[in-house]
Structures are given as structure tokens and as C-alpha cells.
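Here come two complexes built around chain A, the first alongside chain B, the second alongside chain C.
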Partner chain A sequence: MPRHIHIVKVHHLTLSFPTRKDPNPKPILDDVDFGIRDGEILGLIGNSGCGKTMTSLAIAGLLPEAASITSGSIKFAGENLLEMKPKARRAMLGKDIGMIFQEPSTALDPLMTCGKQLEEVLTAHKDNQLTPEQRHKTITEMLETVGFTNAEEICGRYPHQLSGGQRQRVLIAGAALLKPRLLICDEPTSSLDTVTTVSILALLKDLCHKLHMTILFISHDLSAVRGFCDRVMVMKDGKIIDKDTASEILSHPKNTYTAELLTNARLDTRILGLEPANADYSKSPVLTAKDITAGYGRSLFERGSKKSGDNNILHDVSLEVFPNEILGLIGGSGSGKTTLIRSLLGLLPHSGTVNIKSTSVGAIFQDPVSCLNPAHTIRWHMEEALRASGKAKTINGTGSRSERKARTLARIIAVLEECGLGEKYLSRHPKELSGGQRQRVAIAMCLIQEPALIIADEPFSSLDASSSAELLKLMTDINRELGTAFLLITHNIHIVRQICPRVLVMDHGKICEEGITTEVLTAPKSECASALLEAERKIHGI
Partner chain B sequence: MQSVKNKTNRSPEASAFYTAGLILLGIVVVSFIVSLFWTPYEPDATNAASKLLAPCLEHPFGTDNLGRDVLSRVMSASKYTIFISAAGVAIALILGTVAGIPAGYFGGITDRGIMLLGNSIMCFPGILLALVAVAVFGPSVTNVIWALGLVFAPTFARVCRVGTMEIKELDYITHARVMGVKPVRIMTFHIFPNLVGQLLPATVIGLANMTLFESGMSYLGLGVQPPDASFGKMLSEAQAYVRVAPWLVIFPALMLIFYILGLYFISEGLRVNLSKGGK
Partner chain C sequence: MKSKTGYFIEKLIELILTLLVVSLLVFAAFSIIPGDAARVMLGPNASEAQVELLRAQLGLDKPLIVRYGSWLLGIITFNPGTSYAFNMSVAELIGQRLPVTVGMSVIAMLMVIIISYPLAVVSARKPGRLGDQICSVIGHVLFAIPPYAASLLLILLAGSLFSLVTVGNYVSPKDDFFGYVGCLLLPSFAIALPKIAMSFKFLRSSIIEQRASDYVRTSKSHGLSDLKILIRHVLPNSNVSSITIISIILSDILGGSLIVEQVFNLPGLGRLLLMAIERRDFPLLSGIVFYLAFITVILYFLSDIAASLADPRIRLK
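Let's look at the complex of A and B:
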């Protein structure tokens, strides 16, 4: 047996959030026990709320105030972290333990240039031993290491001038500057598109070898873990229920829960029972858009003068969605997908024509946190949707006030049940629901308006594998039973392959390819489509 | 005046602020409620025989230069203080919300117009503006309330405007727009309930500040008119007797301090609670 040196040893860790009402609540982490070997990349997977992030925060010493560790110990290179003084622990952070977070858009200070922020990392830890020139040199070298060819230029830029992938690279550079022994990555790729994800993962792996770092990689994206991690642990309800080498666990799972996670991630149409309806291309389309050109960023003063440059993000985009169809729309970040749907929904001024063959279009958005109004109950949300659609009268018919009320309620409950939510959710507030349930309510709100088309803007990207599988099933069920057409915008080519008969590929504000999904995805004609496919192939290790 | 029971998971720090605030505020509120039905003496009744009496059993807070019972006057003065600050804040809150939410929601020219008006009010010293208004329209309780309401409205308008600008970018507002909800309904039913958390501390602080303004104006003789009592008025009258009869200053000043400190404590508790419990 080879002897492994554990850089981190978590010993029977139990953690909970005691409150005054409930001093002994159900633990968030329950007897968690594992070690991270020196130099390895350890993956930690599981559904949302299973305690992945809490584990990493406990190691980094960044637990929220209300959390209390009831038993166990965490050793880093032989020292017990829980017995250290807060000051000594803070000094370790960054120097010995680095961290990268999920959301690159909020992790950088918008008022500081990237160079300045990276310099702060050095000055905070190295006691000003280096001269400013030396610091600048270290920073530019590190930026080159993370793949920037124009490091000098990046130093002088502000975060809003960088793309999501570039920002994540700057953050990685910042974490790697002090050459920490352990790098904790908390879902670093979940808000990035496939092409960027692949490059970020390759970079992390490269850094791991170059700087001899150990990485704890937290993710709910099983495909990302596959080619990247050496070992994988699976968490469920605060317990580690399975651990093995990455290839073993992902190809021959022994634990039933791991197997279930894998099935959900694979989105097998037969196992999940995804059966979209057959689209009817002979009928007239439910949505026709012609020559849409739109853009942002024209202030009051610029609007008058024509000479300012071309601010348009979309250029002459035309598309048609047919009844009963699930139309996929794919493309990298910044290709104009979201701008397109904002134009289609009439939220953005644009030139060109949009014809919708129905009074209402439904929409579901990416972020399950802000998709519902926190001040109101689910029942209010449903009633509001019904009222706004103007169909309340036809459903209520005539009769006394209480009769009409009862009929409305019955209709709301029926729609909620269709979406897999029961009557008991009526009086709940959005904060009491999980991300997947909130997206369901958003769909229910669309459904009660009986739209012919629902536009879904990356509804899966913030959900874990199990919730996305359920949501996807719900969408295909609605499509099949009610004949609602969907326009599905996503990063996930795999989903498109499974349920969309037709697909559009967008790049630089134009539709660069359009056609039957199987044809486009097996023999792409355009460059951007092949780039997307190449990235997907890499990530799945096919 | 009892402290609120711990229904939610409130931090001990916030509870301490609430308890202290409610006790201080409670003293003033209870004396106000009692004064509606009963005061030891008639607040305006003069008595030449008992002028400037030091606190004693018959007159616990002493008497003033006209022989009026200070305890009775303090009790009836709390009535004006509470009424004026509450009514003034209500006017400021309504004006501020009605102006601030559309400003934040529509942006552009609506925003510029409304904020220009608000900023023009704010760039004058508040008390000066209120004084001018009262000087023009004549000193009376109603005029003081309207003047203070106008002066304070821009503060609330700003809170509403900034909150609205944040909220209107969120998905649930976009969703409501896509569903076809009318702008007025979006502002009243979708945005306003979410602003309550931000407006509550601002309202409490507004009450305290308004009380200070009102006292200042009464002190200058432009607020509550004699013979009615108000804290500012009592302080101003007591000025001449500070050396011979300090109780004339101490008791109204103490009540004023209790009221304002109580409000500040409560707003501090709200702040602690919102900043910790919010996220």
C-alpha cells in the first residue's frame, strides 16, 4: 500500500446551526470524515443543500457566525485548525489555503483595476518585502501563467471590461499568486459556458502540476468532475456516502444514490421518460421574428446623433417557432441569446418585426432566487398571473363572489398540480421553496395564462442535476399534453440533443446555423457550432 | 410598552435595542395616552398663589412662572409632539413614495424631473424652509405638519427611488412585465411591499428628526401656539428661569430625550436585525 500524506484531514466533523428555539437541530454536516492527499484533485459532488459548501467553508475558516461545530477536528498539515487563534487562521487564508467562488461577476471590486486587486493580495501577505516593480512583475507573470497573452493590458482593466471567463482567470491568478498548498474551488464553472468551462478546467489542472497545489473541487456538474478529478466523494444530507477514484465512481457506481445522480446527469430520455410532442411544421408558426436588430448603451445624448459607432448586439436575426415545437437556441456567452429573447418579449426596443400568434407568451428565467416576489405567497403569484392575462373572467364565469373565488382557486390548484406542486404550497412564500420548486412555480404562472409559447432562458444552469432532470421532464410533459411550444436557450448541448427537434446556433449577434438537431450536432457547417461541440466533447471525455 | 416577544430568531443585540427603545418610548406614549383622559391639573390653568414651586408632593414636577403644573403640561405637550411627528412623517412618506417609486421605475426624464424637484428642496436648510413656509402661511399646527412633511419627503423619495431601481432589474419584475401587468400595479403590488424593509428604519429615524425640527420651531415661537404646550415651547419659556427653577427645563427636556432616544434605539434594532437576518 502506498503511503499517502494527507494535507487536510477532516475528522468526524459535525456542524449545525443552533437557534434559540431549537438548540439541537439536525446537523448540516453529519460525522464528515475524509482526507485530501497532497497534490491530488479531489471532487466533492452532490445536490444543492447537501453540505458541500459548508465543508469547504469549515476548512477555510469562513463559516457563518450562526454555525457551530459540535464535534470533530480539521487538521491542515498536522495542525488543528479549530484550535488555532483567529489571527493565525486568517494569515493562513490565502497563503496556505486559496479559494475561488462560483460567481466571478461579484468577486472582484468594480472600482479597482485587476492589477491593483492582485497587488493587494501580495501586500496583505508579504509584509511589503517586494518593491512595487517586483510585485508588478510577479503579477504579470502569474497572469501569463493563467493564459493571458496581454497581461500588461489586463492589469490596467476594470472588472466590467472583462468577460466572465476572463474574470474567473483573474480570480484564479489571485488565488495562485501566493502559491497556496490547497485551493478550494466552489463551483467555479457553473456560471460559465461550455467553451470557457473547458479552458478553466484545463488551466486549473495545469496550475495544479506547475505549482504543486492540491485542489478541492466542489461541483454539481458531474461531467466536469469526470475528466478533471483524481478522486471523487459524493455527499448527501451532510454525510459522505461514497468515495472512490473518479473513473471508478462515474463508470461503475456502487452506491445507489451515486447511480441515481449519474442517471439524472446523463438525462437519458428513456429512463426519465422525456417525450416531446411532434412538431407540426405545416401549420403557421406561433412566433415569427424578422430582421431583429437591437442593442444597449445609448444614453439620452447619443440617441440624437447618428455618428456614434454601432452599438447593436443583434444583427438582422430572423426566426420562427412552430406549434408544439421545442426549439433549442445555443451559443457561447455573449453571443446575444439573452438580448434576442428580451427583444422577442418586447422588453427592449428593437427594429424589425415580431409576430406572436397568441395573446400571451410565458417566460422563465435563469435565476431561481429572483424569479418570484419575496413579499408574496405562491397563491398571490398565481392570482396575479391570472389577473394579468385577462382570462380571469372566462374562467370564473358568472355567479356570486364566493363561487367565482372557489373556481379561481380550483383552477390555480389544478395548474400547480400539473407542475408537480400541491395545494399545500399555496400559502408558502418563495423563500420556503427550493430552487427547482421556484422554477416550477414560474412555469405554473406561465401555464395559467395558457400561452402558446414559453420562452425559457437557461432555466437549468443554476439547478443541480436532479432538479434539472425533473424540470426537464415537466417541460416535455407540458409540451406533449398541452401542446405548448418552447424556445429553450441553454449552454447545455446535451439537453438540446435529447429534446429539441430543431436547433439554432448563435454567434456574435447572428444566427450562424439553423436546422434539424441531429444534422447540426453531427455535422456542423459553421465554425462556432463546431467550437461548441468540440468543447462539449472534451468535457464529457468522449 | 412591553418588549416584543421573541417570535423570530432575533439576535440578542437587536433585542437589547428593542427593549431599551420601547421602554423609553413607552414612557412618553403612556403619558400621552393618560393625558387624553386625565391630567393632575388643568394644563393651562394658572394659579398666582403657587408660582415657581419646586417639585413637591402636590406638584411632582413643580410649577412654572404662571403657577401651571409642569407635570400636566409635560403630559399634554407629549400629545402635540407625537401627533405632529406622526402626521408629518405620514405626509412625507406618502409624498416620498408616490414620487420616488415612479422616478426609480421609469427612469429617464421622469426621474430627472422628480429628483430635480426633490434636490431643490433638499439643498435648502430644512428648518429654514419650514420656517419660511410657516411665516408665509401663518403659525399653526396644521401648517407646521405640512411644512415638515414637505421638507422630509425628498429623503423618503430617495430611499424609494434607489430601492425601486434595484428591484425593477430582478427577474420577478421582468416576469410581471412579460405577463402583461400594468406599470401602476407593478409599482404598488410588486415593488412597494419589497421596499417596506428599507422604509421602516427610515420612517423611525424620520419621526425622531421631525420631533427635533418641531421642537426647534416651537422654540422659535412658530409651532404650537400658546396657551397649548409643546416641549420646545416649554423650553423656550423656561429659559428666563433656568437658574431659579431648573425643573422647568429638566422635565420637558428629559421627555424629549426619552422620545428621540427611544426612536433611535428602535431604528438601530431594526438595522441590526435587517442586516443580520436579511441574508
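Let's look at the complex of A and C:
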């Protein structure tokens, strides 16, 4: 194939989802025009729903059936992709264009060993006739290239036997197996912790040099592309509104929207008006947990055996949360953060004691999509939360049925407004809300119960930078105005630095460091805290 | 990490415990229901002394626990005693009738699998399109027909109107295997019809769900063809969840065949069961019920094993 300056040239691409009712809807991609230079790493940045993923799917030819390209062209190495037959385009996938995606935990077939799945890439392309031995050799070599020392063993493993980072490496190996010229990475690190993210980014960069690959890197986190991308494009509402070299965009953003994204990514406390919590350490704590030990998966037959002790994920964890405090809890994936939360909430049998002073504790979780019942309206969710709290009577007071109902409704609306959602959201269903709005509903459902403590388990990880910033602001506002304490679990150390006066660091089911945030994060004493900080420094360049 | 044999042994212990509980329930049920076998056998005119004598002969005067013990021993050695009504060994009686019930269940199950899989695949290819709509409507209609009604309809259509088969004829598999299969086809189809609809609906939604999953997207990005993705990824994954449904359907079919035998006048376990109930024939009755329960429990056990073979996540926890 001849070399071109631009390996991919997208020319005035417009794409929409026409339906029978609305044959000419608002386009998802609006006159998108850009080129990907051969050998570069191009970042494509924007909030969720801006059209980044659609752009990448259009290049790969994996658009959903309902999508329709109304105008424009996409050229790959000089050939117009949109005029090619579906079969020819499919043959390009894996061979010329490789892809990796956001969620490595579900991106591999759970019933097939990693080796078999990688082998499919080779057998799917007919011009690549290799003997089984050659195929095996190619696969193990690629697995070694992506950083596995035990490639043979990985081949025989099933996806559930690998960690998130390992799965993403297997997926990268699959995408790079036939040495495609273009690798599309759609938020490959957004569900990974900071330490793993750093290693995956380093691997991608390494592959880019070794295999002479061009990378299109999609992310919502502007600061994550620092030091990784050569050039960056910013997308908003289906349009590319800004493009420049990475260093120029990150240090001197000219476009106001780019500047806003940058502010959100950096969580600039002054601009966002965030204030660290003002905790009251003289009062007695709202939550005291002592010597929590817990684990999973003991079936009837294993319970009595001596091995059961090995299943424990948490080992003698103790912590206290004080009134008004925002306590940060950080740690890599698998360090036991979520197990601890489940134990604190009483969702998991555990030994040790948990004392909660207030009558109710709220909790918000990582994935706001599956946390709300899709069959019901927001109003139903709020009423349900109120009923569950047992405080409905005190709010309703006495009076006729309609009076009580009106008072309940007024209270619900007041709480929703506190969370930045108005009365008009009452009748909406979860699917009609954005991720950030859903997370607000989850917070509102906590607030209506008037808890003294809200436990937030990675509430930002599925949100884009702008929604995260808004949610963070909401949390600090609630903390300041209502005095609600938060236990914030996150892998984003930057957030902890900005709003948590105190922080706990977890590793291997133990709390390995605990102290004043500024002290822990400037001079960590434990190894795991240093590792987390080092990774964060590499990504954000702080 | 748990080994394959470890899982197997665990399931086997569960199976044995389940069978013990089942035996206890069956025995308890027949000991509690009113009606005296000796009285029924001898008729209303027999004297109290005659009845007492027969009770002693049958062992009905012994304490419950002793009777349970000897009954259980008989059941597990496949020698559950002699039928009061037929004066024949229960094992022999059941052995004679079993080919009808089991043959019908097997044929019906094959029909369910052979018909519902292709329909589900076609339907799930383009959900909401015409093909899918037609399949779904047919599915709804089939689902609504109970097996006995389907039997009557089929007899009317195939037997009377078009004279395709002779209804009510039964050939033993020893005499003519194909004749045996032939005479079971129609009743099997009657049992299979609603199950086809059930299995179709379940498979369809399972295939649609799997097709939308992330690993299918990964396979597409690897350049695999739709057919390969279907065969290598989508169907195996939907099979994992269908194994449970299939085992439920199979035990349903066993129960359903008891009724359909009546309509088609086939000498199966269902008719034997009815006779045993009418005559308070405790050894026969408890034998049939226990062995049917036994087959069902074994089916669930096999489905657990099959599921673990199909899904490494169960096998290698």
C-alpha cells in the first residue's frame, strides 16, 4: 500500500439516525472533517454524547443499523470506505483497522479461552493461512509484546480468571495481532484504576512505535491525553470545534469550550467554587467500624473447611467518619474498597462491629444506569426512598390524604431542586436522563432520607469530566449546607486532594495509610500510596 | 480454584440428599392420604377380621418408620414390591410402560430443539421486522394451547380429516422400532407445541441480548463474519442460560405426557398411575411417583453438570 500523509481522511461527514416519524433528525455528526496523519497519536476529546464514538465506528464500519450517513466520505489510505462492499470492509477490520473499547470486563467471550479468541482474529482473515503452530507462535509473541511474561498460561485462561488490566492487554493483543495500520482506542482506560491506566498508555505508545501504528485515541478526560497524544481534537454536539497539538491545547487553549473542559478535568477549586469539607473532629463520629473482616463465595460445602479463611478480602479494617467530614478512600482495583462499602452498608456478612449514629445512611454507586429502576419515574423513586426511610410520616404530618400528598410532593420537589433537578424531572424515566442527571437522582434519593452520612462508591467513574465536576460541586454544597458527611471512594486522587481533609489508602484488604490529605499526598509513608501518586503524576503531569 | 471433580462430587451429594427428601415426601404423602388399601382390595362386604389379616400380610400394621425403611430399601434396589391390583412386580409393570412415556418425552424434546432454535435465530436476526413478528404471533398462539387441547386438534386434523395416521394404535419398540416412533410422533407433537413456543421466546430474547453484548462487538472488530459470531459466540452463550430452561421444559414434558397418553389411548405411565390411584395400590403408586421424581432430579443434576461444562465461570470459580 502506498503511504499517504493522512492514513484516514474524513471529509464533511454528516450522520444521523432517521426514523419513520422523523426522517430528518438533528445530525449526530455534523460536517465532521479531519485527517489522521500516518504514525501519529490523535486524541479525540469531548463529553459523553458528543459523537466521538460514532466517529470511530463510522471509520471502522461498525455503525448501528439505524445510523445513516447522509453526506461526506471516509478515505482509508486513499480508498473511499463508504463505497466499498460490506464484505471488503469487514476484511479490513482486524487487518487494517484494530479497535479496543472501554469496558474490558465484558469485551471478551466468557466461554472461550483468551488464546482461542485471539486465534479467531487470525482465522477470520483468509489471506492469512497459517498452520496451527504458526498461529500459536504469533499469539504468544504478541502476548509477550503487550507485557505478559507467562504468555502460554494466559492463552489457556478464561477471561474471568484475569484482572481488568490483563483483559485490556489481551484485547490490545487481539487488536494489534495482524499489525493494523490504524488502532482505534475508545476510552480504553476509563474503567481502569490509575496505576493500570498508566501502564496501558505506556504500552499503547510502545506499540505505536514498534509496529508503526497510527492511533486514534478517544477520551473524555482532557488531562489524560497529556504526554500521550501528538495532536488533539475537541468535539462538541457532533462538530469538531478545536484542533491543535496536544501541548498547545493543554497549555494555551484558545477555544472557550476547550478551556472549560480543561478546567473541569483539572477540577480547579477556585473556578468551580469547591471548598474542602470543614470537619468537626471534636464530636463523636457518625460511623465507627472496628476490625471488619469479610469475604465472598463460601458455598455450603466450603464453609466448614479450613480453606475458608483464604477467601477473606478484608482483614481487620477499622475507620471512623466524623460529622461534616468528606473522608477520601483511595486504592487500586481489587484493594477491597467496594467490599468494605458493602460490609459497612450491611450488604455482606462480616465480622467486627459497625456503629452508625444516624438513623439512615445513604449510598450512591458507580453505575447510575443500573441503579435506577427503568420501569418507574423519578417521582416513584423519590417516594420509594421516602417510604424506605420511615420518615414519610414526619414529613406528611396530619391532615387529609390530599394535604399529606401535597406536602410529600413539595418535599420531593425541594430535594430535587437542591440537587439541581427541577419539577419537570418528576415524570421522567431514568432512560430519559443523562449519566450525570441519574447520579443526581441517586443523591436526591439519599438526601430525602436526611442521612448524616452518604457513602459514595466511585460516583464519578462513569461520568465525563464536566458531569463529574458538576457532581463534585453538588456534593461539596450538600456537605457545607446540610452538614452531611461523605465517605468518598474514588481512584481519582486529584478529587481527594481538592475536597477531602482526611484520606485512607487501602491495599490488599487493609488500610495501609491514614492521615491528613496534604501530608499523605505529599509525603506518603506506605508503598502503595507512593505507587498511586506516582501513577497520577505520570498521567496528569502534576 | 475448584476442580472439575470437586464440583461434580458436590453436585452428586446434593443429588443424593434431594432424592432422600423426595423419598420421604412421597412416602409421607401416601401414608397420610385417607383410604385403606386392604379395605379397597377386599370390597365393602369383607369382615373386619379379614381386613386385619390382609393388613398384616401387606405389612400395613407395622410402625411407619419400619415401613419407610423397607419401602426405601425396595425402591433403591429397583424392587419396590408387588402391585396389589395387578399382582405383578411393580418394576416389571413400570418397565412395560416406560418406553411409551420416555419415548414420547425424548421425541417431544427433540422436536422442541429442532424447531425452536432455527425459529429463534431467524427471529432474533432482525427484531421487530416482519419475520420476527410472524414468529412471535405463532409463538403466542402455540403457547396458549394446552397439550390436551392440542391432542384433540391434532387427532381431528391428522387422524380424521386427512387420515395420515391411525390414532390409538401402539406398536412395541421390540416389534417394530419405526412403527413405535411413528405412533408416538403425533402425541409427542401435541406435548411439544407449547414448549416450542416457550423455548422459542426464551432463546429469541437470549440471542438478542447476546448479540448486543460487548464481546460480539469485539469479535466484529476482529473481522469475524456474522455467521461465525453467531455459531462461535452468540449461541454458546445463550445455551448457558437455555440449559436451565431446557431442563425445566423436559420435566414439564414428562408431566404433560401423562395427560396426552390418555387422549391418544397409549399404554404409558400416566394410565398406570390413574389405575394405581383408583385402586389405592400403594406400592405401584409410590413406585411411579418416586421414579418420575427420580428422573426429574437426575435431569436437573445433568443440566447442572452440562451448565458447568458449558460455562467455565461455574466450573472454575
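By definition in this document, the second predicted complex is superposed on the first by the 528 of 542 C-alpha atoms of A that agree within 3 Å, B and C clash if a C-alpha of one lies under 4 Å from a C-alpha of the other, contacts with A are read in each partner's own complex, and residues count from 1 in each chain.
Throughout what follows, contacts are C-beta pairs under 8 Å (C-beta built on N, C-alpha and C of every residue); 3 or more make two chains touch, one makes a residue touch a chain.
Keep in mind that what you see is a predicted model, and the values were worked out from it rather than measured.
> After aligning the two structures on chain A, examine chain B and chain C and state clash or fit.
Once both complexes are aligned on chain A, chain B and chain C clash.
> Return first, second, both or neither, reflecting whether A:Phe101 touches chain B, chain C, both chains, or no partner chain.
Second partner only, chain C.
> Using the superposition on chain A described above, determine whether A:Ala385 touches chain B (first), chain C (second), both, or neither.
Touch status of A:Ala385: first partner only.
> After the superposition on A, what does A:Leu347 contact: first (chain B), second (chain C), both or neither?
So A:Leu347 only meets chain B here.
> Answer with first, second, both or neither: which of chain B and chain C does A:His376 touch in the superposed model?
Only chain B is touched by A:His376; chain C is not.
> A:Gly362 contacts which: chain B (first), chain C (second), both, neither?
A:Gly362: touches chain B, not chain C.
> Give one of first, second, both or neither to describe whether A:Asp109 is in contact with chain B, with chain C, with both, or with none.
Second partner only.
> Flag for me the stretch of chain B that overlaps chain C after superposition; candidates: 41-49, 185-193 or 257-265.
257-265
> With touch defined as at the start, can you tell me which chain A residues reach chain B in the complex?
Those in contact with chain B are residues 19-21, 300, 345, 347, 360-363, 365-367, 370-376, 384-385, 387-390, 442, 445, 449.
> Which positions of chain B touch chain A when the two form their complex?
Interface residues on chain B, with respect to chain A: 6, 9, 108, 170-172, 174-181, 189-190, 193-194, 196.
> Can you list the chain C residues touching chain A in their complex?
Residue list for chain C touching chain A: 10, 13, 213-215, 217-225, 228, 232-233, 236-237, 240, 310-313, 316-317.
> Along chain A, where are the residues that touch chain C in the complex?
Checking each residue of chain A against chain C gives 60, 62, 90-95, 97-99, 101, 103, 106-112, 120-121, 124-125, 158, 160-161, 171, 174-175, 297, 299, 301.
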